[in-house]
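Here is the structure we will look at, set down as structure tokens.
Order of writing sets the chain letters: A, B and C. Residues in each chain are counted from 1.
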Amino acid sequence: MRRMRWAAVLACVVVVGASSAAGSDAAPAAPTKLTIWVGWSARELGVFKQVVAEYDKNNPNVTVNVVGSINDNKIVAAIRAGTAPDVVSSFNSYNVGTYCGSGGWINLAPLMAQSHISASMFPPATRYYTQYNGVRCALPLLADTYGLYYNKDLFAKAGIKSPPKTMSELAADAKKLTVRSSSGKISVAGFDPFIGFYENTPERWITSFGGKWQDAKGNAILAQDPAWSKWLNWHKSLVDWYGYSNLVKFQAGLGDEFSASNAFEAGKLAMNFDGEWRVAFIQAEHPNLNYATAPMPVDDAHPELYGQGYINGTIIGIPKGGKNQAAAWDLVKYLTTNSHALAELSNGLRNVPTTTASGRSPEIKPDVHFSTFIKIFNNMHSTTSPITAAGVSYTNLVQQFATKWQAGQVKNLQAGLTQLDKQLDALVNQAKGPGVP
Amino acid sequence: MSQGSVAGERLPAAVLTVDRRRARRRAAWRRRGLVLLFLSPWLVGFTLFFAYPLVTSAYLSFNHYDLLSPPRWVGWANYHYLFREDPQVWTAVKNTLWLIVVLVPLQVLFAFGLAVMVTRAKMGVGVFRTVFYLPALAPPVAATLGFVYILNPVTGPVNVILSHLGIQGPLWFQDPHWSKPSLVGLGLWGVGTVMVIFLAAVLDVPRQLYESSELDGAGAWARLRWVTLPTISPVLLFAVVLGVIQALQYFTQAYVAAGVASGQASQAADVTSVSLGYPLDSTLFYPVLLYQHGFTDFQMGYASAMAMLLLGVSFAVTLVIIVNSRKWVHYGGATR
Amino acid sequence: MTSATATPDAATFVRRKPPRAVRRRRFLVTVADHSILIAAGIMFLAPFIFITLTALMSNDQALSARLWPHPFEWSNFADVFTKAPFMTWVGNTLEYSILATIGVVVSSVPVAYAFAKLHWRGRDAVFIVVLVALMLPPQVTVVPLYVMWAKFHPFGFNFIGTLWPVIIPNWFGDAFSIFLLRQFFLTIPDEYLDAARVDGCGEVKILVTVVARLAKPAIAAVALFSFLYTFNDFFLPLLYTGENSGHWVLSIGLSEFRSLHQVQWNLTMAATLLVMAPVIVVFFLAQKAFVEGVTLTGVKG
């Protein structure tokens, strides 16, 4: 790491000299060294590096150094300290509010106009989570959608023919598929809805009930929108059926989510709510697993929602204070709009490509499991979570409430949700600072 | 003009010639220079790393500051949110106070009890002392990781052994009612340092005091109560103050335990702020919340407001303890 | 000792064995005492044993309810070094601890001397200020300090992401060490110092030659405690190097161990042992200094 940093420092010195000579905002003429930070690691990082290597080959005047395992804290720390790289990418879009609002990531609109990139190249949901208050400081780089994975062998054993489409079917199937002792000790869980377990978070669940977070003015409406209490009540009844401590004990004995001992991959979980990337993981780690994918079940009262899912994705942007903004933009443009690059990344990472064009690219390797997620991505009811000035704390606060609810610590759900709304609004005001609209 | 004890006898002023007086003044200045020189590391450090940050902290607490843009004056807004609207602050305060009221006395008593037991041992005193001291050497992160694993409700040795004995072990770090007691267990495991201090202090109690109280007919418990305790009361005070200071800063064990126990080992789910305080905010202590608001939520102004509150509480608590101590601490000897 | 009121048998007093009942009771009490001590000792050693056993298990065994590894995976310890940049962490930790310890000793000794053996107006009041600084949690000053280091870019050097913000303050005196050293210096008889002064030694020379030699145990204790404290430090390194894994110290690396390359409990426990080991080894080598130092802290405190 230290060697790379010294190399980067040296490179920056060279680049400062070179770019001050170049000066124009066309593609730079002198050899440039760019650093890009991404969240991927291990196998996935390898895939990304391959795509970047292709860009390197086609652009001999640029060398790109890829650094993986980045998270938002690292990005913010670097921007604060003035050590941010040329291009930065994050798995979470939650903090777009802060990045765009503070200018930590630069406004890409002028660069896009110059390169004739229109925002309509990207589907609506992805456009939403890459801007804040009209300032677009990020572009989507592959998206994640969430759906239901189910183990076909366990389904056959339990005599279930097709995946559940409604929440009541999901609950019924989960109970049928669960193997537990008379004392309640779970050995195989049909479905683990526990908030906080693996990918179970409120924002990913609420889309199945058509729930809305905020009204037109940006105030939280969790108490007014009946979808929230409907979801929370359904959810708690399933948790209570298992028994809260039984679930906790079951989870304590499970493998790490991103290891080969993942509970679904190991057959301890018959159905799992997971993202589209799991397809690639299963292929690499448990290729013989007999499973299938389907959209998440939806609220019984809203069958028209079936086929939708929660969308979020990796975002990419250019931190302020970077010295090679022209070269950086070139790389960003390539990664986000070039159909070939997106198709390759999609094939390797099994993430959803984020331009409408690349979604139809013939280069995408057909995969019956993965195609479910592309369909979910393009479904018109699929939504994402709200972008606010409070960043990830917004959805975290809701998650904390949901975990208290599932533990039985909230006596009156409606009152709790009303108080939660107040806390959410206060949180956003606090994050913005008073006197800011 | 200060009269130091360095060099020179004192002479009545009338006897001093002008030269002598000038020489003494120079000497006094040299002394002052010397003192300043010797104190300089601390003086600079105190100003740079303590006084200046303290004042700046107070200033920042009235600003909205995320370090990405310049500070913006917001008056009392941060304090308003702190006292009225932050949904987690009072849990954090309660948890930290819980530590002061439960963990510190338990640690002091346990360390004292162990020390007394070791003094009663006839053989293997060195061995016992070493065994009790060893865990205190373990780095807090390592010790916490070890404990989280050992207390895993399903695969941890403790619950496995308990189940062999027919007892259904609690969920330890996974249960909001048991997570703080688990941290207490971790804290008690590490009392070695305090125990050794108590050991030395108890051994220092003059024998005559014991002997004279024995002659008065005092049994073992009475001797403990009326001879040992009062004599070592300054050390007791030291241990209590030390414990309280540590309780007010308690961060590492809570941060590591919550992070590991909540299973947030995955990178895609890098929402660490959800795991802090796991489970259900039971391990959310004030310094942990401060860290979250300041360093993961970009709210440095608000974190400074929290820091000011912590400052006030630290002062108050330490003052209360020290003032209260006059009633029970005896310096230099026992009662009766 | 003669006494006018000696009992008639005083001269011929012979210690007799106490009656059997008393002897038996005393024996039972001793057995009870030692049983309690042994039980406590086992409780104290148990975690070490469990950690060691887990460190020797395979990953699946660590995830199961088994207590005894079967077979013993000694390779786990080697794996720790390959699966994670353990040596980098060790290097960083040593760099931090050694530099900080030297800084603490070099800067705290003169300050403590000034409080103990030099006389000046306001000395005791300022000493109370030193103590007050000791009592405040670091979280109180942590935000502005971070801002200060983030904004300070001499010659373009960035302090955030390195260990320097954690090391440098130790070169300006450490309140606890100053306290300890002062208490010890107070016990040095003034005669030694006066003799040296009469010989014409300046205060600096006195400090370096006379005092330092006399206070060796206290200085050793201070160095030992500093080393231990910085070796175990987590919060400050987390703040400044948390986002820069190349500069992680052992405590941070260990806490992040489980999320790196999806490594499992058995390796985590092996890493835990490896982190605990050096300190324990140092303890056994320097037992006397340790215990003396700890005693100094409390009894002179």
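Descriptive notes on the structure:
By definition in this document, a residue touches a chain if its C-beta (ideal position, glycine included) is under 8 Å from a C-beta of that chain, and two chains touch if they have at least 3 such contacts.
All figures in this text were calculated on a predicted structure; none of them were measured in a lab.
Placing every chain at the mean of its C-alpha atoms, the farthest one from chain A is found to be C. Across the two candidate interfaces, B-C and A-B, the one carrying more C-beta contacts is B-C.
With centres set at the average Cα position, the gap from chain A to chain C is 44 Å. Taking each chain's centre as the mean of its C-alpha atoms, chain B lies 14 Å from chain C. Averaging C-alpha coordinates per chain places the centre of chain A 41 Å away from that of chain B. Counting partner chains per residue, chain C shows two or more touched chains at residues 63-64, 150, 258, 262. Taken residue by residue, chain B touches two or more other chains at 67, 154-155, 265-267, 295, whereas all remaining positions touch fewer.
For chain A, residues touching at least two other chains, in rising order: 41, 69, 73, 80, 253, 256, 258. The residues of chain B lying in touch with chain C in their complex are 2, 4-7, 31-32, 34-35, 37-39, 41-42, 44-46, 48-50, 52-54, 56-57, 60, 65, 67, 114, 117-118, 120-123, 127-135, 137-143, 145-147, 149-150, 154-155, 157, 160-161, 189, 193-194, 196-198, 200-201, 204, 234-235, 238-239, 241, 245, 248-249, 251-252, 255-256, 259-260, 265-267, 286-287, 290-291, 294-295, 300, 303-304, 307-308, 310-311, 314, 318.
For chain B in complex with chain A, the residues that touch the partner chain are 64, 66-69, 72, 74-75, 77-78, 81, 85-88, 152-155, 171, 174-176, 262-263, 265-274, 279-281, 295-299, 301-302. Taken together, the chain A residues at the contact with chain C in this complex read 1-2, 4-5, 41-42, 69, 73-74, 77-78, 80-83, 253, 255-256, 258-261.
The touching residues of chain C, when paired with chain B in their complex, are 30, 33-34, 36-37, 40-41, 44-45, 47-48, 50-51, 53-54, 62-65, 67, 107-108, 110-111, 113-114, 118-121, 129-130, 133-148, 150, 169, 171-173, 178, 197, 203-204, 207, 228, 231-232, 234-235, 238-239, 250-252, 254-255, 258-259, 262, 265, 268-269, 272-273, 275-276, 279-280, 283, 287, 290-291, 294-295, 297-299, 301.
Every residue of chain A that touches chain B in the complex is listed here, in rising order: 39, 41, 69, 71-73, 76, 79-80, 91-92, 98, 102-104, 196-197, 199, 245, 248-253, 256-258, 275, 277, 390-393, 396-397, 399-400, 403-404, 407, 409, 423, 426, 430-431, 433-435.
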